[in-house]
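Questions regarding the structure given below will be posed in turn.
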Amino acid sequence: MSTRLPTVEGSPEGPENDGPSTFEAPARTASPRLVATLALAGALAGLVLVAVHQWTQPRILEHQARVLQEAVTEVLGGPESTHTYFRVEGAWTARPPADADTASADRVYIGFDATGAPIGVALAAGEPGFQDIIRIIFGYDPGAGVVLGMKVLESRETPGLGDKIEKDSTFVAEFRGVTTPLIGVKAGRARGDDAEVHLITGATISSRAIIDIINHRLEARGEEVRALWRSGIAPPPTVPADPGGER
Amino acid sequence: MTERRDGPRAGREAAAVEGGRLALVASPHLKSPDSTPRIMWTVTITLLPLVAMSTWVFGVNALLVISAAVLGAVGAERLLGAGGAIRDGSAALTGLLLGLTLPASLPLWMAVLGGGVGIGFGKLLFGGLGQNIFNPALVGRAFLQAAFPTALTTWPDPGQGWGIWTGDLFALPFFSGRVDAVTGATPLGLMKFEEVSTPVRDLFVGTTAGSLGETSALLIVIGGIYLAYRNYLNWRIPVSILAVVAGLSSAIHAIDPARFPGAPFMLFSGGLMLGAVYMATDMVTSPVTNSGAWIYGAGIGALVVLIRFWGGLPEGVMYAILFMNAFVPFIDRATQPRVFGTRRGAPA
Amino acid sequence: MIGLLEEWLRGGFRHGIHPPDHKEATSAVPIRRMPFPSEIVLPMRQHAGAPARLIVQPGQRVERGDKVGEPQGHVSVPIHASASGRVAAVEWCPHPDGSQAEAVRIEVDPHSAQIPRPRLVPRWEDLDADQVRAAVKEAGVVGLGGAAFPTHVKLQPPEGERVETLIVNGAECEPWLTSDHRVMVEHPERVHFGIRIMMQCLGTSKAVIGVERNKPDAVARLRETLPADLDIEVIALRVKYPQGAEKMLIRAVTGEEVPSGKLPVHVGTVVQNVGSIAAIAEVFETGYPLIERIVTVSGPGVVRPSNLVVPVGTRLRDVLAFCGGCTPDAREVLAGGPMMGAPQADLDAPVLKGTSGIVVLTDAEAKPSRVYPCIGCGHCLDACPVFLNPSLLGKEAQAGRYAEMEAHHLMDCMVCGSCSYVCPSNIPLSQIFALAKGALRREAGRRRAAESAAADGGKAA
Amino acid sequence: MGELIWIFVSAMLVNNFTLVLFLGLCPFLGVSAKVGTAVRMGGANLFVLVITSLTASFLNAWVLPHAPYLRLISFIVVIASLVQIVEMAIRKLSPTLFRELGIFLPLITTNCAILGLAIFQTNRGYGALEGLSFALGAGAGLTLALILMASIRERVELSDVPAVARNMGLVLVLAGTLSLAFMGFAGLFTT
Amino acid sequence: MSPRVTTPSEDFLRGVWQENPVLVQLLGLCPALAVTNTVANSLAMGIATFFVLTGSSLLVSLLKSWIPREVRISAYILIIATFVTMADMILAAVVPEIHKALGAFIALIVVNCMILGRQEAFASKRPVGRALLDAVGTGAGFILALLMIGTVREVLGYGSFLGVPLFGETFEPWIIMILPPGGFFTLGLLLLAFAAWEERKVERVHPRHWPHGVTVTVETGGDAHG
Amino acid sequence: MLTPSTVLTSVAILGGVGATFGALIAAANLRFQVAEDPRLDELTDLLPGANCGACGYAGCRAFAEAALGGIVAPAGCTVISEAERDDVAALLGVDPGEADRRVARLLCAGGSDVAARKAEYVGIESCAAAVAVGGGGKACAWGCIGFADCAVSCDFDAIRMSENDLPIVDPALCTACNDCVEACPLDLFILLPLDAPLLVQCRNLFDGDAAEAVCSVACTACKRCVQDAAPGVIHMEKGLAVVDYARIELANPKAIERCPTGAIVWIEGQQFPSLNLPAEHEMMA
């Protein structure tokens, strides 16, 4: 063996020389060892991860809850408290039965003022915009039938154009107090209707998408929410907004 | 016999068969009169009426924007290209075509940048004339549209008089100026976002908002016919584009006339005519085979209709051409001519 | 589909080009006989196939028509002295292809009457096909249309193939050249006689003479003199280059394409140039072997453009001198036409059996054009008569991709130059293809050699 | 149905994995020099994407509700192992197919497009059918991008590219321009 | 298995520069283009990747003799994925804003070709110290490359650096730089710039021409005739 | 916080996944294993990768296979450097073997300073192209055209064109790969052992004055070298002196002394030692 050969420390088989013409396939590892290795590695990884998870999870949840809470607060104009209502088997309830699948259930967040009177319902929704799906949350007053506010949760719209739907404060402000169903109008074509929202020049598609999202969401659930509202609701004993799997 | 004699690249000496040296040049010794510079300059000249027309419609800005684009293109060719490559006329033509696709109010520095990017990234990087994949003018325009979407979709109203100055034409490089142009919506924008149609007569004559070169379909068609007659463009390309656009849009228009405009509007609005006649036909970036030309043209036509009818943008000519440019090598590969004495399908 | 439509609209062979034909200079000039020069040189390599073998010694006396070279093998023909005189030397002479060739130099006897030894004129009626072929071979007849392919080989279709139609190539599509034209105008009966012999030998009942429409007088003369007992048709062809190329002519006449890599016999045809036909006729009229041919001397650099009967072996210098010499701005001398002819480095090179013309060009034509990159205009694809993609082949050559060129049918290119003619970027496409074909042939030869060496080695081991 | 089509078109053109979402770039640049290889790479990709989508749907439905934080690790381990097994099988059972497709499989396993598909599919809450449409769209988009790039590169090979652009610089600029061209599809079928 | 013996400093520097994973080997491109539209994102992604790379190299190199060849890929991936999941959860808990901006690309570190490549090519064959050095070098090279790309894109695309505006209000941002094409163009430009730099050093050898390729002196200059 | 049940779930899931796929891979391993010598790739990597075929195999990988099979010694690759050759030998555990050093020699000395021209070729700058167009214009139809096809074909940059347009082979760089021999359209290169010093640098078949008229260093076939050399070393063939390299050991420098034109030379090392390379090339040396 020449010293020029790579010396590979600790290599399992060790490159023992076997002449130019003889060649053996590298030895196979016994099957049980393969199983054991991967199983052990998996188990160890599971152990490590569960530890990290336990440490980080509360923080992540807390952050998510805070973000959602802020969004709800913003679109409802600062409620004193908010409560999550789930739609379980076609009925809305703040306290779903324990065996209900709340993770995938539709939900709304209802805000109450200091007196415990409901001030509005926050609904989240998403639809394709110009680039990809835009997700927003908006506040709705089922009594008056007006939108109270809108906030973009997630969008990949073009920076500088489409992202005006979240960054352009005049556009965002337009959603405070507009009558539903909303009507989008291009600049200079407004007729003074209460339902009008001015589309953003250069981002007509993105801004129209917001209007469509709100209108569609209300078309689907508006009636039920209004019924719920009319049925008279009061804040249940403290249940924080549940961020999990909101759609 | 040790005096130095000439090497293989010897220069010429006295002409005359007896005594002097004969020349050895490979056959054939006859040559058609067409040459690459002649093609390029001819196309450029046929575009000049269009430049004049756009100046008439949009004022001096038009001339300034076009000149800036030409300056950018020629400057880049000069700085980065092979020495003296400017004289073959292709860079000037690229700049001119780029200029014709821009709005009249564009800051001039952007037009210069577009020309530079078009030639630099769109052409010289590939080895210069003849080697590029994408239409350099459209690469420049696509770059500008993606970089400065607002400026590229701000269309001044036409017919504000000769010699008007609009927009932030003279903004400093890298900065925007004040926007004070009287802007209007283009016919395609009106159609897409307001479902308002513009009379075809206005489109044909060219007094609508839009880019500089969209002004007159008539001049473009005349130029195109002349060039096709001279065999400087492959007539199959514009014919297939326009036929597919007309056919598809008529069919879809019949289904929902309110939402989808019909063939005349589609043919004469936006950049379709300029694109079909002058940009899709760029020899370098279109298929070299005739059957490929049909496929390529049909593809552009279909994409224009797709983007205009269902896409997010009001106009899709530029993207359609760029996208089909990308397909050209594949189309060329797939449409090799059937060699004499072989059957089609035999390995080409 | 669309291709078929275009074809139907046009008829004839597809693609091709329309260069100016410049034939006016000599098309009406009658053939004249050129006086014998003081010496002639006869290279042994004048035809396709194996060169002839020298059979004379320096100092020996030869008469006009005597054999100076014997054929070596089947695809080979003898060489005959084209003038009486003394063998001055056996030496190297410049060959029109640019190389040096082994040749016989004969000092022409200025006092000789230049009458060939009397010989038996073969009675063609009595000969069978084999005897006709032998006589043709013995007379040294080769194709006069370009490739100088021994004619007796073409007269013998391979086993299992039958010739249905004899096609006579009177297209003469090369600009400036008019030698075939003059033969057809001045000796139509000789052409018909040659056809008669060929038809008999090939056992064919049908012959077609294809003539481009720019030679109406030739068409008329051939039609006037048609022998009543033979099925000969004279077709006026579209004027376009390369109408005279074998495969294009067959396509125009029969509508069939010779399959790639195959010979014309595959579609039941044999193509023979009118000059070659006339030469065969001459063999059976006079018994003379092929010792002289008709040469067009033309082009802007020639003082007196002419159609001449020139003894094979006459140096180009002497031919040009007889035509009044060259103009002062003459720059380039071509053996053959301007599209496919070979430029000459040395005017001491002789006229060969296959030299159909001498074209002298001036500075204006010999100026090399500035080359630009391929702009993908597709004009070359529309020009190539065998439907290649010269644009792609050119790029592949530039990148050294010979294998790919071969896969793209480079070997079907006949180097006609149509693509170079139309290319606006002045790319020397056909020259590139000639080179690439040469390189591929060398490569194949080497591979074969290596394989046979390996086979030998294997046997030895 | 309309939803499925939108998912397909969006994954193929509007949000093309390679040119818009930047997923699977390494093999995209590495294996796009020849059209033949590109086609086969595309095919192999499509295959693995489908496996991935099915795997992800399965894991999402059955295993991960118990421990969502193990999503990533179980996705990747399962996908990698499955692909390795398929590779071994193909290698043994059909050497031809292995030469055509198999050699790409390891390249694909460690490819962002695959895991990206699984993650996006989960994030967007796609079910099995939607996931399949997503995988097919993504695979078609990848294949399209690969073929376009490869045919362009074959042509560029024949041209006289300046020395500075002979490394991958030119290829990246090409990818950028392709990506520009794909911007024309933005907003397709959303209005 | 390269027979050439390398020194420790070579192991480190090679990854940073000569064999920079992004700029030279073109590995790990997805994150290098997808999340580099701002410097802050680039930095975060770089650091996360660095963490995963060093961690897993260390572990792989330690465990190499226990891992059977047949399952090594699965085992490596298991190790890498563990680190990535940790990074993912920690980033989400500690810097949620950046975690949101990086999106799925944190998870995609698992399949960053660069990382698995290092395990296969180096960590699984070398002693621990060397493997660590190599990982640190490669990881540093990755951060460096991401920062370069991120800087160009943020400065042109937003007119700012690390969020600080550089050119004032009226700067016209080049939005393309933030968009996908801008990512490709930026990396392309960097590669071109490096090539131009290298090019200065190399002298021209023979022009390649016939028989490897035909050179017809292509002149684009001079008088256009015709 | 670490409840036993979460820990258990997680360990069970990942452990289970690991075990399942460990088992599957093990099974696949048993069923589908394919044998291939892992050294083949390594060995191929060690080879120069020029794929020049000079070894007589179809590229480096084919050579590697042959070397693995013990059919050929590492030195069979003429291109490989000595260090690399030893690496290969070490990997295989065999003797590197010895190869006799051969170099390419040019059979023409007719540079543009001594050889006449009779016409001017204008066109593609390539010897093969020029030769096909009327012979290229050089008066000697056998002599070097000087467009450097050989230099371009050489993958090892062993050939430089000199000031007088002759290719000069650097024996240190030449690997005897045969590329130039194949590239030259006039067959002006032959591969000779480096220690074979006698060379007739001419292929012109003219005799006497005719030869000298086209090139002042042409072989005039005067036969003096035939007489001066040891018997049988040189003979005349068709107007040219030809060295019989089978008897080259008998040669001595006397053979070249009376050559009137200097067509026959005695070389040690580089051919044309006195020729200058043009300035641009010198920079590279």
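Order as written gives the chain letters A, B, C, D, E and F; numbering starts at 1 within each chain.
The criterion applied here is as follows: a contact is a pair of C-beta atoms (placed from the backbone, for glycine too) under 8 Å apart; a residue touches a chain by one contact, two chains touch by 3 or more.
As the structure is a computational prediction, the values presented were derived from the model and not from experiment.
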| item | value |
| --- | --- |
| Path length in steps (a step moves to a chain that is touched) from chain C to chain D | 1 |
| Chain pair whose interface holds the most contacting C-beta pairs | B-C |
| Whole-Å separation of chain centres (CA-atom averages), chain B against chain E | 37 |
| Euclidean distance of C-alpha centroids - chain A vs chain D, Å | 25 |
| Between chain B and chain D, centroid-to-centroid distance (C-alpha), Å | 33 |
| Distance from the mean Cα position of chain F to that of chain D, given in whole angstrom | 45 |
| For chain A, residues contacting two or more additional chains | 4-5, 26, 28-29, 34, 37-38, 41-42, 45-46, 49-50, 53, 55, 57, 130, 158, 160-161, 205 |
| Residues of chain C engaged with two or more neighbouring chains | 342-346, 368, 370, 372-373, 392, 398-399, 428, 431-432, 434-435, 439 |
| Residue list for chain D, restricted to those that touch at least two other chains | 67, 69-70, 73, 77, 81, 84, 159-160, 165, 169-170, 173, 177, 180, 183, 186-187, 190-191 |
| In the complex with chain F, residue positions of chain A that touch it | 1-2, 4-5, 17-21, 23, 25-26, 28-29, 31-32, 34-43, 45-47, 49-51, 53-55 |
| Chain E residues within the chain F interface of the complex | 1, 3, 70-71, 74, 78, 203, 205-212, 214-217 |
| Chain F residues touching chain B - in the complex, by the definition given at the top | 112-125, 129-130, 132-138, 145-147, 164-165, 212, 216 |
| Chain C to chain B touching residues, read off their complex | 2-3, 17, 19-20, 175, 247, 251, 257-262, 301, 320, 325-326, 328-334, 338-347, 359-361, 363, 365-366, 368-370, 372-379, 381-382, 384-389, 391-392, 407-409, 412, 417-418, 420-422, 424-426, 428, 430-431, 434 |
| Residue ranges of chain B in contact with chain F within the complex | 1-10, 12-13, 21-26 |
